[in-house]
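Shared between the two complexes below is chain A, which has chain B as its partner in the first and chain C in the second.
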Partner chain A sequence: MTLLFLPEMMLSFLSVALLCLTLLKNQKSEKFLSNFMLLSGLLLMAGCLLSLNLTGSLFSNTYRVDLFSQGFKTITALAFLLTVLLAAEWNQIPKNRLVEFYLFLTTGALGMMMMASAVDVLSLFVAIELSAYSLYLLAALKVGSRNAESSVKYLIFGATTSGVALWGLSLVVGLTGSTSIAEILASPAALSGQPAFVIGLALFSLSLLFKLSGFPLQFWAPDVYESASTPAVSFIATASKAAAVTVLIRLFFISGMPAAFSMALGVLAFISMTLGNTAALLQTDVKRLLAYSSIAQAGYILVGLLSGSANGMSTAFFYAFAYVLMNSAAFLVLTLVAKSAGHDNPQISHFDGLAERSPFLALMLLLSLLSLAGIPPLIGFTGKWILFSSAMEKGHWFLVLWAVLNSVVSLFYYLTIVKHAYITKPKDTSPLEVPIRLRVAAIGLCAALVLMGIFPGYFISFAEHAVALGLIR
Partner chain B sequence: MNDLNLLWIIQLAPLVAFLLIQLLPKNAKRTAPLIAMGAALLAALSSLALFYAHRDGNNMPQQYIYQWLKVSDKSLWPFVTIDHYVLNIGFLVDKLNLLMITVVTVIAFFVHLFSYYYMAEDKSRARYFGFLSFFAFSMTGLVLSTNLLQTFLFWELVGLTSYLLIGFWYEKQSASTAARKAFVINRLADLGFYLGIVVLFILTGTLNFTDLNHEFLRQMLPASTLTIIGILIFMGVMGKSAQFPFHVWLPDAMEGPTPVSALIHSATMVAAGVFLLARAFGLFSSSEITLLFILIIGTLTALVGASLATIQRDIKKILAYSTVSQLGLMVMAIGAGSAAAGMFHLTTHAFFKSLLFLTSGAFIHHFHSNDIWEIGQRGGKRDKVAVAALCLGLFSLCGIFPFAGFFSKDLILEVLREHNLFFYIAAILVSFLTVYYSFRMLFVILFSKEKKDMHAHETALAHPHHSSTGAIELCRVIPLASLAIISVVMGFLGTGWLDSRLLLWLGGEETHVNSELLITTLILIVSGALLAYIFFKNPETAETRLTQSRGPIKTILERKFFIDDVYEFLTKKVGMGIAGAFAWFDRKIAKELMVNGTAYRILDLGKISSKIQDGLLQDYLSWAVGVGILVAFWLVKSNSGIF
Partner chain C sequence: MTFPILSSILLCPVIGLILVLFMPPKQENAIRVISLLSAAASLVLSLWLCFHFNSSNPAFQFVEHVEWVKSYGINYAMGVDGLNISMILLTAIVIFCGVLVSWTVTYRVKDFFANLLFLVAGVFGVFMTTNLFFFFLFYEIAVIPMYLLIVVWGSTDKEYAAMKLTLYLLLGSALMFAGFLYMYSLPGGHTFDLVALKQNVLFTPEQQNILFLGLFLGFGVLAACFPFHVWSPAGHVAAPTAASMLHAGVLMKLGAYGILRVAVFLLPEGARHWADLIAVLALCNIVYGAFVATQQKDLKYIIGYSSVSHMGIVLLGIATMTPTGFNGAIFQMFSHGIMTALFFACVGPIYDQCHTRMLGDLGGLAKKAPIISTFFIIAGLCGLGLPGMGSFVAELLVTIAAVSAYPLIGVISIIALLITAYYVLSAVQKVFYGPLSPAGEHLHDIGAFQFVPRAVLVGCLLFFGIFPGIFIEWISVYTKTLLGG
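Right, the complex of A and B next:
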């Protein structure tokens, strides 16, 4: 029992501990906090790995622990750890609010982990809201006032989405009389002809696009990415995306995919890709650019999900993991560039001559961006390759073709940054030091980007296995 | 140490050296020569060990094959009859390439050593040695490969290194032009090679050398197809081994550093074509017409090369044209049906020609001139080691007993005499011209009167290598001496006079001392040398006479049989015309309309996309809710059909 709930327990205790810290009169030093959080992150990672192979059911079958959920929890823990590392390096958070930043990071991670395990609409809704409200607060915590506007928008937009989702859920629960996802989705065929049931299910599913930042719920992303502090954005861009994919996989895989639903998702994926990639072309703020890139990536993931097959689900799992790795790598470079520029919103021009200032960071930037664009032999290529081929198997060749064309467009803005890093001469030629902790993380990420791209076999079979076990019957 | 390990060492040692040199930090770049030399020595010792282990020729051939790709897609090629296409990679070791790998690695080692002397003052030494190691890697890969495709891959890699090394001093206009010329001409020829491979693969389903024999091929394919495939693949040989009319790149390739000319453009890479002829002899000899074609091309090449060598003043150009004509002789021997004779001459030629090139390198490095008259006037004959090496090399080239060239060249003459009288006479003529230009070169260097003032002036210009250290001097002498010794000994290995009989080993027949042929060659040598002596016993007067005389033959030779002019016409007029049309299409249609047009439309789309993000929450929500309702309606409609 304890082991089954180990990662969540650790996060709960951590949040309580952080809560106590906020109550202390004399604020602890920043250094102490970051070391404490780093240790907690490492412990959390260990806890996730320890409970990776466990299976079980908790809280009267509303909470399910299996390879699928534990795999995603490990990914979340990884993103948590990297965010903590980045936050120790550079954050624009008021000094007296730092403990709160870590507190909401912890509760956010807790919510996301619960999303991976929730198999009941109530527990799922609670988990989603827990992570969502943590993220609203994370986005708001920053020196300066400009981000107040965008975080309020984020909150209102998110709350509206939650309301609509809740309305959809109430329709579904009212018609089926059960809150268990398995029972809802196994509901008799008579119900599937009911417009209220269909509307309810559709609205709830669509509301999940909010976390994934897919069209039409992507509007918050550019504003929040631009105005929130960089570590918070890194967490939103990695862990939160992976959590959304988890829930989508759980929902879509078991429901099977009616042609009409798959069609609707296809159109949304199409618009997401096009909108994200084309709008990213015009951006000069790198965080905003990455926001649009994440909208496009949401489209790619939807292409995998809408095939509804076991293959599509496991490739989406793999791609979500790949996405966390490559986005973390990109944000690591971004954070260090922001730190050296002393400016939380690095423009593309801040990357000028990065190759001269730090060849290692420039290489890392190159790897992560090329991986995001899907260039072999990096993990992004392998991920896209298997994702698109699973969609091809189901005959979605037009979407795949469009996605590939979109990748070409995305190459333009990714390479623009790389061009600035490698070709443009820098104004500031001071070497950019990478602190030792981040250097270890960075080497690990780079190695993962390359090695998992070339030898993805183990991870693909892990994803297949996990998805097969995660199927709710 | 088993054979496979040795093979891996031979194959990978140079590659490791190349990678190490590339990864060296800037302040450690001066260790590059040592790394490259170490790898070359390792490879040479390994191949000698391998050769020694198999000196009796037992257990041959050996194959170590790994499957690389397997294609069984009938839908792509509906007309083929073969179920599975399997491509292998691996090592094939038999007598032929065991000999070749030994020749390549041993000469490569000596050239590495000599390069240490020759390139001692060059700033980009690390780059040079890196390329040299990469060449050694590619060349060993070519020699050890098991099938035509693998050969082709390494064939292209040696072509690339050749390009890089010809253009090593790329800041010199002539060097970069020569490199480009070599590259383009070789690509043109390789197109034929590649087409040949593709056709052969589609029709027979195999490219393995062990499968390419008469019976198998004649059973699979009609004679005309075999002829076409043979000639197509021979085109690759024509490019790499500088056969007429593709020979024009080789003399220009002398722009590269001289040790490179010795290694790549005389001993090993250009001989790769001849090696391929012997390697896939079963394929070429399965069609009589192909063999005749090969014989004719070889003859033309030998004649053109030898006659052009007679008028050159540049010592490296003389040797380059000499290489062309000797390659022609080897190809003739194979065209006449004796792969063993061709390979034997390849082996001896590799040693004495690299010796000659290294000697010329010693002259050039010392006297700062390529011109044989200037070398003579600046005191070329006083460099005793170089002159001795030059004499040995030239005697061997002329085929004077008992030097290596004597045995191998006589063997070719004998093969040709038995084959066809016409080609025999052509070969006799080539031999005569060879003796003439060799002695011309020797006499001009030996008999020129030294101009003291000029030489004094030169020494005043501070020559660091005149006071060169012992190690560098050793790097100059050891390769020259070793190659000279090998040139002498090599010939005996070929005949029955020593225990190991190279020629028998290669599958040739025992040679008899043929008195008629001996007399013929003796007459050739004496008359050629005499003619050269009459003309060049006084090089100064010969020089003035040569510059003044005019005549049609001289014009033809000076214009190199107008072959370059034909190429120039083809490229400048015909090629540029076609290129112009394509360029217009590319600029107007492809670039402006298609590429830039698409890009601008996408950017416009981007402007629209980012307009949606207007910063107004009410707009965001309207979009979200609107799209949500649309989706819900669509789902309900398609689910129940109520609309």
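Right, the complex of A and C next:
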């Protein structure tokens, strides 16, 4: 039992410990905190890997531990670890708020891990809210009027979608008379055609679209990305997206994807891709640019999800993992550039001459952005290839064609940053040092981007296996 | 398990790349030598492959097959037949000469050779693989280093040209990608293996037509098919010498190769359906490319548009849908690859030392640099189809096939060859003869070391021009079986 709940236990203890630390009056040493968090992150990662192959259910069948959930917990732990590493390097929040920053990071990660395992409507909702409120606070920790505006926006819209989601869940639960997802599934097939049932599911999935920053709930992303502190954004951009994908995968297995639903999702995917890529073309703030790119990426993931098959779900799983890796890599470079510029919102011009200042970081930037654009032999390419293969098998040829054309458009803005890094002469020619901890993480990420792109076999079959086990039916 | 010769050829540049990446940037000569050795190794292995290739066997030879991702039908599959044996040899020759010609590069040497080797690994991969996943993977691997090569080491509007080239090529690849996935999704498919797709999938006529059109447009962008050729001359002009050599010599061939390897192989009915369209586009390429070339003032633009014109001959050969036409097309791909590489290898030193490529600013260079001008003139004579050169045989085969399949187009394309003769000869006359221009004062002729790569290229042109039988023997079994004959 304890081992089944090991990663969550670790995070719970960590958050209690951090909570106690906030009560201490004396100034906490920054260095001590970051080392402590790094150690916790590593332990958490080890805990996740230790419990990777466990299966079981907890709390009277409201909580399910299987390869699917544990796989996602490992991804979350990875994102947590990388965020902690980045936060130690560059974090634009007041020093006396640092413990709170780590506290909300921890509770956010806890919420996301619970999202992966919750198989009861109530526990699922609690998990989603736990992670959401932690993220609202994380985004609000930076001081500044622009940040205040965007975090209030984030909170209000987030809370509203939560309310709507709760209403949707109440419809579903009211119709089926059960809160257990397995029992909702076991209810008569006639129910799944009921308008109220479909509306309930649709309203609930809106809250997940909000997390994924897919159209029509994408508008918070550019503002929050721009104004929140970079490590917080990195966490929101990676772990939170992956968590949303987890629940969407479970959800679409339940609903079995009614035709109207799939149609609507196709339209949303289409708009997300188009909107994200078009708006990203005009950005000069790199964090904003990445926000729009994440809207486009949400569109790609939706294309994979709407195939509805086990195959499609496993490709979405794989792509979510790929997305966490490549986005983390991009944010790592972004953080170091921000640090050297002393500016939390690096513009494209801050990347000028990166290849001269640090050839390694420039290469990493190149790899991560090309991977986001879906260029081989990187993981983003392999992810897109299988994602679109499974969508094509279900006959969504138009969406696939559109997504592929969108990738070409996206290449323009990614290459613009690359061009600045490689050919524009830098104003500041000082070499950009990569601290040793980040260097290790960066080499690991680069290797993963390349090797998992060329040798994806093991990870694809892992994803297939996990999704097959994660099937509740 | 036989010796994996194809993977070894592919691994040569990859190992070279890895070694170069771990060299300190200051060790410029060591980096050059490593690159040269890896290129030479792949050339030697390619020659070995050519000698051991059994030209009477229509199936894939030296096959390598490793299961990669089982549930998506992705295999690491390699094989050689009459079509790609020549392309592998071409790539090996051009990169070997390209590395030698690039000896004079001094800016960011390490990055330059790393990109060059990466590009070549991609090109080799495309030519060898028989799985569409790896085909696409290697194809895009070949495109991205080209962007960096042009944008960092290029000249004349390089940022614009590089972005244009990349976006055009990736737009083409987007169509390919969609086409590949569509084939995968058809009943009986569920694989990306070319041979398995051919055996298992029954394409309906509509599917053949739609798919062929999509794939042809996708590959056509890369083959500089009219009206998608605009990226090509701009890219040629902006790229540094070795990149131009690879770009015009090999990269453009990937498109024509893809049309034959994937589109015509899997969808012969679709190809017949659209043959008329291809023939008309090919004619546009030939005539339009030649006319535009006559109006150019920049030496590289002339070569760029002549490439567009010559790729038209390749497309026309494909459009005839006859073994003779295919033979001519493949032969033209090979000899044009060698020929343009030679052209760019001659223009490189002229631009480096005179700092201009404008016809109006150059003149009388033959007095200062007789060797360069001799090589350029040989390339020019090959370009206008002089008997005894590779291109002559190729163009002859294509026109023979074209005149019987499309009499009007065939005759017009023969007339267009006269225009080629005009612009090539007038460029030669303006640049190398007449009074010596001030810009040419500082030109030094190439030394013995730089003589080697150009001489190798000329040797290939002459060898296959005089003994075309060897080449035709390689490919004729393949071209006969391609259409199920």
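Assume the second predicted complex is superposed on the first by the 470 of 473 C-alpha atoms of A that agree within 3 Å, B and C clash if a C-alpha of one lies under 4 Å from a C-alpha of the other, contacts with A are read in each partner's own complex, and residues count from 1 in each chain.
Assume a contact is a pair of C-beta atoms (placed from the backbone, for glycine too) under 8 Å apart; a residue touches a chain by one contact, two chains touch by 3 or more.
Keep in mind that what you see is a predicted model, and the values were worked out from it rather than measured.
Student: In the superposed model on chain A, is it clash or fit for chain B and chain C?
Tutor: In the arrangement built by aligning on chain A, the partners chain C and chain B clash.
Student: Taking the superposition as given, does A:464 touch the first partner, chain B, the second, chain C, both, or neither?
Tutor: Touch status of A:464: second partner only.
Student: Name the contact category of A:9: first (chain B only), second (chain C only), both, or neither.
Tutor: Neither partner.
Student: Can A:173 be said to touch chain B (first), chain C (second), both, or neither?
Tutor: neither
Student: By the touch definition at the top of the document, which applies to A:43: first (chain B), second (chain C), both, or neither?
Tutor: Neither chain B nor chain C is touched by A:43.
Student: Who does A:216 touch here: chain B (first), chain C (second), both, or neither?
Tutor: Only chain B; A:216 stays clear of chain C.
Student: Between chain B (first) and chain C (second), which does A:386 come into contact with in this model arrangement: first, second, both, or neither?
Tutor: The second partner, chain C, only.
Student: According to the stated criteria, A:397 is in contact with first (chain B), second (chain C), both, or neither; which is it?
Tutor: The second partner, chain C, only.
Student: Have a look at 237-245, 327-335 or 399-407 and say which bit of chain C overlaps chain B after the superposition.
Tutor: Only 327-335 shows clashing C-alpha atoms.
Student: For chain A, what residues appear in both contact lists, the one with chain B and the one with chain C?
Tutor: Correct list for chain A: 412.
Student: Using the touch rule from the top, collect the residues of chain B that touch chain A in their complex.
Tutor: Result: residues 599, 602-603, 605-610, 612-613, 615, 617, 620-621, 623-628, 631-632, 634-636, 638-640, 642 of chain B touch chain A.
Student: Would you mind writing out the residues of chain A in touch with chain C in their complex?
Tutor: Within the complex, chain A contacts chain C at residues 311, 355, 359, 370, 375-377, 381, 385-386, 388-389, 392-393, 395, 397, 400-401, 404-405, 407-408, 411-412, 415, 419, 422-423, 455-457, 460-461, 464.
Student: Quick one: in the complex, what on chain A touches chain B?
Tutor: Against chain B, chain A makes touches at 153, 156-157, 160-161, 164, 192-195, 198-199, 202-203, 206, 215-217, 219-220, 222-223, 258-261, 263-264, 268, 274-276, 278-283, 409, 412.
Student: Provide the residue numbers of chain C that touch chain A in the complex, in ascending order.
Tutor: Residue positions touching the partner: 67-72, 111, 133, 136-138, 140-141, 144, 147-148, 151-152, 159, 163, 166-167, 170-171, 174, 177-178, 181-182, 184-185, 190.
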